[in-house]
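What follows is a set of structures to go through.
First chain A sits with chain B, and in the next complex the same chain sits with chain C.
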Partner chain A sequence: MTLDYETLKVIWWLFIGILFIGFAIMDGFDLGIGTLLPFIGKTDEERRVLLNVVGPTWEGNQVWFVTAGGALFAAWPQVYATAFSGFYFALLLILFALFFRPVGFDYRSKLPDPRWRNAWDWGLFIGGMVPALVFGIAFGNLLQGVPFHFDTDLRSYYTGSFWGLLNPFGILAGLVSLSMLIMQGGIYLQLKTEGVIAERCKKAIFWSGLIFLVLFLLAGLWVAYGVDGYRIVSMGKLDAAPNPLGKIVQTETGAWMDNYNYFGWLFMVPIMAIVMTLFTILLSRLDKPGLGFITSSLTVTGVILTAGLSMYPFILPSSSAPNSSLTIWDSSSSYMTLKALFWSTVVFLPIVIMYTSWVYRVLRGKVTVKKIRENTHTAY
Partner chain B sequence: MWYFTWILGVLLASSFGIINVLWLEAQEAMDQESIILDPLTRLPTRVRFLEKLESHIDEYKASQIPFSVMFISMDAFRSLSQQEDNEFVNNMVMAIAEVIKQNIRLPHDFIARYDAATFTVILPGATASIAKTIAERICKNAVEQTNVPTSDSIISIGVAEYPTLIAENIDDSIQEQVTTLLKETDKACKDAQKQGKNSFCCANDEVVS
Partner chain C sequence: MISEEVVDLSRLQFAITALYHFLFVPLTLGLSFILAIMESSYVMTGKQIYKDMTRFWGKLFGINFALGVTTGLTLEFQFGTNWAYYSHYVGDIFGVPLAIEGLVAFFLESTLIGLFFFGWDRLTRVQHLVCTWLLALASNLSALMILIANGWMQNPIGAEFNYETMRMEVSSFAEVIFNPVAQVKFVHTVAAGYCTGAMFVLGISAYYLLNRRDQAFAIRSFAIAAAFGFAGVMSVIVLGDESGYTAGEVQKVKLAAIEAEWETVEPPAAFTIFGLPDQEKMVTEHAIKVPWLLGLIGTRSIEHPIVGIKDILEANEQRIRDGMVAYGLLQKLKSGQQDDKTKAQFEHYKKDLGYGLLLKKYTDNVVDATEEQIHLAKKSTVPKVAPLFWAFRIMVASGFAMLLIFGIAFYASSTQKVMQYRWLLWAALYAIPLPWIACEMGWIVAEYGRQPWSIAEILPTHLSVSTRTSGDLYLSLAGFIGFYTLLFIVEMFLMFKYARLGPSALHTGRYYFEKIGGSA
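On to the complex of A and B.
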């Protein structure tokens, strides 16, 4: 395989996809646990168990998001510029919600006052629930297209508003994301805890898994029959310098199903997401949360891939000026940048995976109420 | 009381930020105001078109994004302006401008009234192939939508893609490149005029009608 420009553009679609999947799997479970915190933890000590399940690793998990943002900036600068100015208030909302997490984790157990602790528990709930919901809403809006265009000087202009993002399909996608990450958080929590907490997790996994399945199927039908998809009808050379206005795009209901209709085997991906959810529920019931975490992670992978494959090669479709839509062909960085990034990823990604695995190996084992009592001054 | 210093600092920084943004917005609005527009069609004129063209050629060095230029000659204006009254001619010019605006890729493309009988369009990012598709659409709709009472051609269009058209002169100065590009596009427009019947011609290839 030669690393020509065209191939690198596809490889970077895969890499950024892997980063977002990695983020959804790794940070997804701690966002899910944050959302479950006030409901699964009934007493202060139980809540501290939950906090200590993710306390040592949540910051590391969040780096997946930072890395994905950095990779977006380096590999798809046009997408970064358009999405970050367009989703400015949505991203600020995520950021402000995430502010609760470091402060909550570090200061929540410093004072014994139950009001103080309870307030921070709800802060951590917001820090888990809001990002999980807003990420899904953002994805839902990507599928519908975002109102932006390039002007006569090729500057991108976002013409929508924050409230425009909160449309019915966007909210549905947000709820798909939220229920999926609650399931992901629940199964990890079941893996890391025992007794009454693990039992409550089973219930949470069952209901979140079921709700996720219904909403995911509904979203799929909506995309197939109700959402205007995008289709490239004319395109310049794929290995040319990025030119966001060098193509003609048309919109049509059901066009997002083009890739699935053309390559029927791609239907295996959403089917995998559905089957793996059922397996996760089953494995949770059978007290096999280790395997359940793998199947739940495959669900997350399946869901992101389902949307990604449906949109390919689009990254950021424009609802107000479809020809301005950004695709992997016309929003990538230069050949040299993609090549340099590729080799640094090939070198550093295995190292990151190695030390991450080592951290989880060191932190293996269950977190129990007894351990919290024994380490009450050092635990979160 | 130390935190008052911080609050004051944050307030000052925010104020400077807001003032800066407002100042930039006011400046942009003033720049927009200062653009001279054609009094009839309210489109920018030749001077603004040439500035834009120069800026696109200059940008190409960094972005490598091609663009196309379109000369749209109002043949009907040339033939009917001596016979018909001013109001008729003005209405016809506005109708043709409207057809062009409806068929180019607004808000990406830049349209100007180059001279009394010519409109020009810059199509950022458009290859000759895209520009030809748009030219074909304008020619077709000019006949259907303008209701000009003439059996002769209403418009003729010349199209040229930068930089492929002037690949040999790419090292020339921006001014020289502008001159070459306009000359070639004008020539393509004249070739289309010779064809008659609302034709368009691309400087990069042969006459199409």
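On to the complex of A and C.
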């Protein structure tokens, strides 16, 4: 296999997938813990325990999102352009919610006034819950296709509205994402804490895991029997210069199952997501949150892959002009750019993972109320 | 046709969010190195006071860094949300340094910042020092990537238009990376950051010295800031970024505009220190000029002329006419008439396609543009002179004022006479806003001066926007202004609180407010 254009287009589907999975695993538990903050942290000190579980590492985790965004811009410029301008208010909502986090973590414990601290705690809750929900809603809308088309200059026109995103399937997908990330946050929190906080985590993992399973199965059935999938009927050569106007696409209920029907073994992916969730709940009960974090991360991986594989090779299907849909074949960057990015990623991503692992090793160990009291002026 | 209101609002939103982000970035760039220097002193001498300095200034660094990260997110995504056509048109090149910035620099910076604050007891001294240095280097590497991207907007080399994909595509990454405009911009910008970090530490240390508290702490901080700031301000002024104005046509227009050089004069040109530029009449009234100076700083020679605005406009008219031909040929290619002759003609004219696109502001049908529309497009190729003229002069004046302060401060601290010059301490305190003024003005010169282009000579700003409505823009703009104002108030409140408190904020029991049982 050589690195020809066609291969690179597929590799970049995988790489963008890896970056988003990395984001969902790493920043996912930060978002989940943000969501759990008011429920698991009942007192100021308990909340500070939660904040200091996340505090030293959340910034690095957020860079998965920034890098995924940058990679989207560089590798799939038309997807970045169309999706971000189309999902304008949804994206701003995520952005504004995320704004609470840097200032929330850094500023909250700098003043003792409980009103000040409570206000930032709610900010941090919003900063966790809203992105977790809205990312899922966006994904749910990708699966249904969104209304956009291009003119011959390839300027994109989005004809939907923000409220249109909040359709039943979109909201279901949002809740799948939220419950999944609460589980992911819960298991990491259990790993990093002890006593009453860890006990509350177990409860949160049990319920969020269960809810996730039900919603995930429901979403799967809905995709198979209710959602209009997309299918390429004809298109030019796969290694051609990318232009999304040169293909014919049809929609049909159940077309998102094409890949699964063709390659039956792909069903292993959603099955993995389900089994790993059960393991996570079990491992949490058995006080093995370290292993549980791995199984929960595999759930996250499985869920994103399940959706990605069912849409492949589509990235952003258009419901109003299906032929304008963006696929991996016709919305990528030029060969030279994909290749340069490929080598940069192959070299640097492992380095990132190496030093990130080192930092987590340095910071290992549980965060406790006692430690917060000892370091009350330096801790978050 | 794209609504002018949407274009203006999109520009306003970008300017506000970028200028706001740029309040925090220079301090991060400079202060991170100052922290690394302080901590190096700690590791080398073993003196606790240098560790306290690193930790206290680090606390202020953290308050600033939080907002830098917050507001940086906006910029990473705003190209997509508000400049969708731009993103499609140049993502192939412009997106690459942004992606690599995340991968190579921002990851490192953000992963290590946690260890900087929480790693003191978990790392050896040397390990922690390495983290701090890497933090500083990574933030500067970030700046390099961003300025490679920005340099390409100013002087877009190493890329070609591809009519099949209707966008610019990279032809040489080496040219993009080693773009001379990007390189000088990088040096100029990070050096401006060093001045910012240094003035911040210098001014706040001066405040402690004026109040005669924590003198040992403050005088050491003052000395490091003075030396670092003096080196920084010398780099900003000597290396400057004037040399960048000779590369690329639009950079030349910018130079002519900031100098209000209406005519091409016999070299070397004089520098207008003061005057009232009148764009309609194309003259500068009440001008006070210094002979030779502009020619020297603009071209580094006495033979090369600085091209005046009038000559630039004449040359641009021809390019607009050629651009109309290029646009017509592009329409043929798009409609499927892709014979070798059309392709060859298009290859010949395509370097002026961007000038043809300027007409899109006035007519959808570029090829039939009227003489009046061509005239309007021609006039639009030079940005408004007065704001650039003044922004540049304010920036330069701030720079020289800082040179004076850092110079005297450096002299005073090397001769150990800091406490004798109370006026110097007052000057340092009140000079704290100067680097920020200079940085913001510099941004305006660089980016406002690039107009009417988002990518010089390739893509006009007004074509670059997303297809959103002005209602959407008003709503998002209101959101940003509201949110950012709130964050600014909170940030300034904490910054002032901790700066006033000084090293007592560390609760070590060694500093002023703790000794007298003050309000720590």
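Operating definition for what follows: the second predicted complex is superposed on the first by the 379 of 380 C-alpha atoms of A that agree within 3 Å, B and C clash if a C-alpha of one lies under 4 Å from a C-alpha of the other, contacts with A are read in each partner's own complex, and residues count from 1 in each chain.
Please note the rule applied: contacts are C-beta pairs under 8 Å (C-beta built on N, C-alpha and C of every residue); 3 or more make two chains touch, one makes a residue touch a chain.
Given the structure is predicted, the values throughout are model-derived calculations rather than measurements.
Enquirer: Clash or fit: what happens to chain B and chain C when chain A is overlaid?
Expert: clash
Enquirer: More residues of chain A are touched by which partner: chain B or chain C?
Expert: With both complexes superposed on chain A, more residues of chain A are touched by C.
Enquirer: Classify the contacts of A:377 with the two partner chains as first (chain B alone), second (chain C alone), both, or neither.
Expert: In the superposition, A:377 contacts chain C only.
Enquirer: Can A:355 be said to touch chain B (first), chain C (second), both, or neither?
Expert: In the superposition, A:355 contacts chain C only.
Enquirer: Classify the contacts of A:161 with the two partner chains as first (chain B alone), second (chain C alone), both, or neither.
Expert: neither
Enquirer: Contact-wise, after the overlay, does A:77 reach chain B, chain C, both or neither (first, second, both, neither)?
Expert: second
Enquirer: Mind working out whether A:103 is in touch with chain B, chain C, both or neither, as first, second, both or neither?
Expert: In the superposition, A:103 contacts chain C only.
Enquirer: Could you tell me if A:261 is touching chain B, chain C, both of them or neither one (first, second, both, neither)?
Expert: Touch partners of A:261: none, neither chain B nor chain C.
Enquirer: Does the superposition put A:337 against chain B (first), chain C (second), both, or neither?
Expert: second
Enquirer: Contact-wise, after the overlay, does A:85 reach chain B, chain C, both or neither (first, second, both, neither)?
Expert: A:85 contacts chain C only, not chain B.
Enquirer: Of the two partner chains, chain B (first) and chain C (second), which one does A:153 touch, if any: first, second, both, or neither?
Expert: Touch status of A:153: both partners.
Enquirer: Using the superposition on A, tell me which residues of chain A are in contact with chain B and, in the other complex, with chain C.
Expert: 152-154, 157, 241-243
Enquirer: Residues of chain A touching chain B in their complex?
Expert: These residues of chain A touch chain B: 149-154, 157, 234, 236, 241-246, 248, 321, 323-324.
Enquirer: For the complex, which residues does chain A have touching chain C?
Expert: 55-57, 59-60, 62-63, 66-67, 69-75, 77-78, 80-85, 88-89, 91-92, 95-96, 98-99, 101-103, 105-107, 110, 152-158, 240-243, 333-334, 336-337, 340-341, 344-345, 348-349, 352, 355-356, 359, 362-363, 377-378
Enquirer: Quick check on the complex: what are the chain C residues that touch chain A?
Expert: By the definition above, chain C touches chain A via 62-63, 65-67, 69-70, 72-74, 76-77, 79-82, 84-88, 90-96, 98-104, 106-108, 110-115, 117-119, 122-123, 162, 164-167, 169-171, 173, 334, 466-468, 472, 475-476, 479, 483, 487, 490-491, 494, 498, 505-507.
Enquirer: Of all residues in chain B, which touch chain A in the complex?
Expert: Against chain A, the touching part of chain B is residues 52, 55, 59, 63-66, 105, 107-110, 122-127, 129-130, 133.
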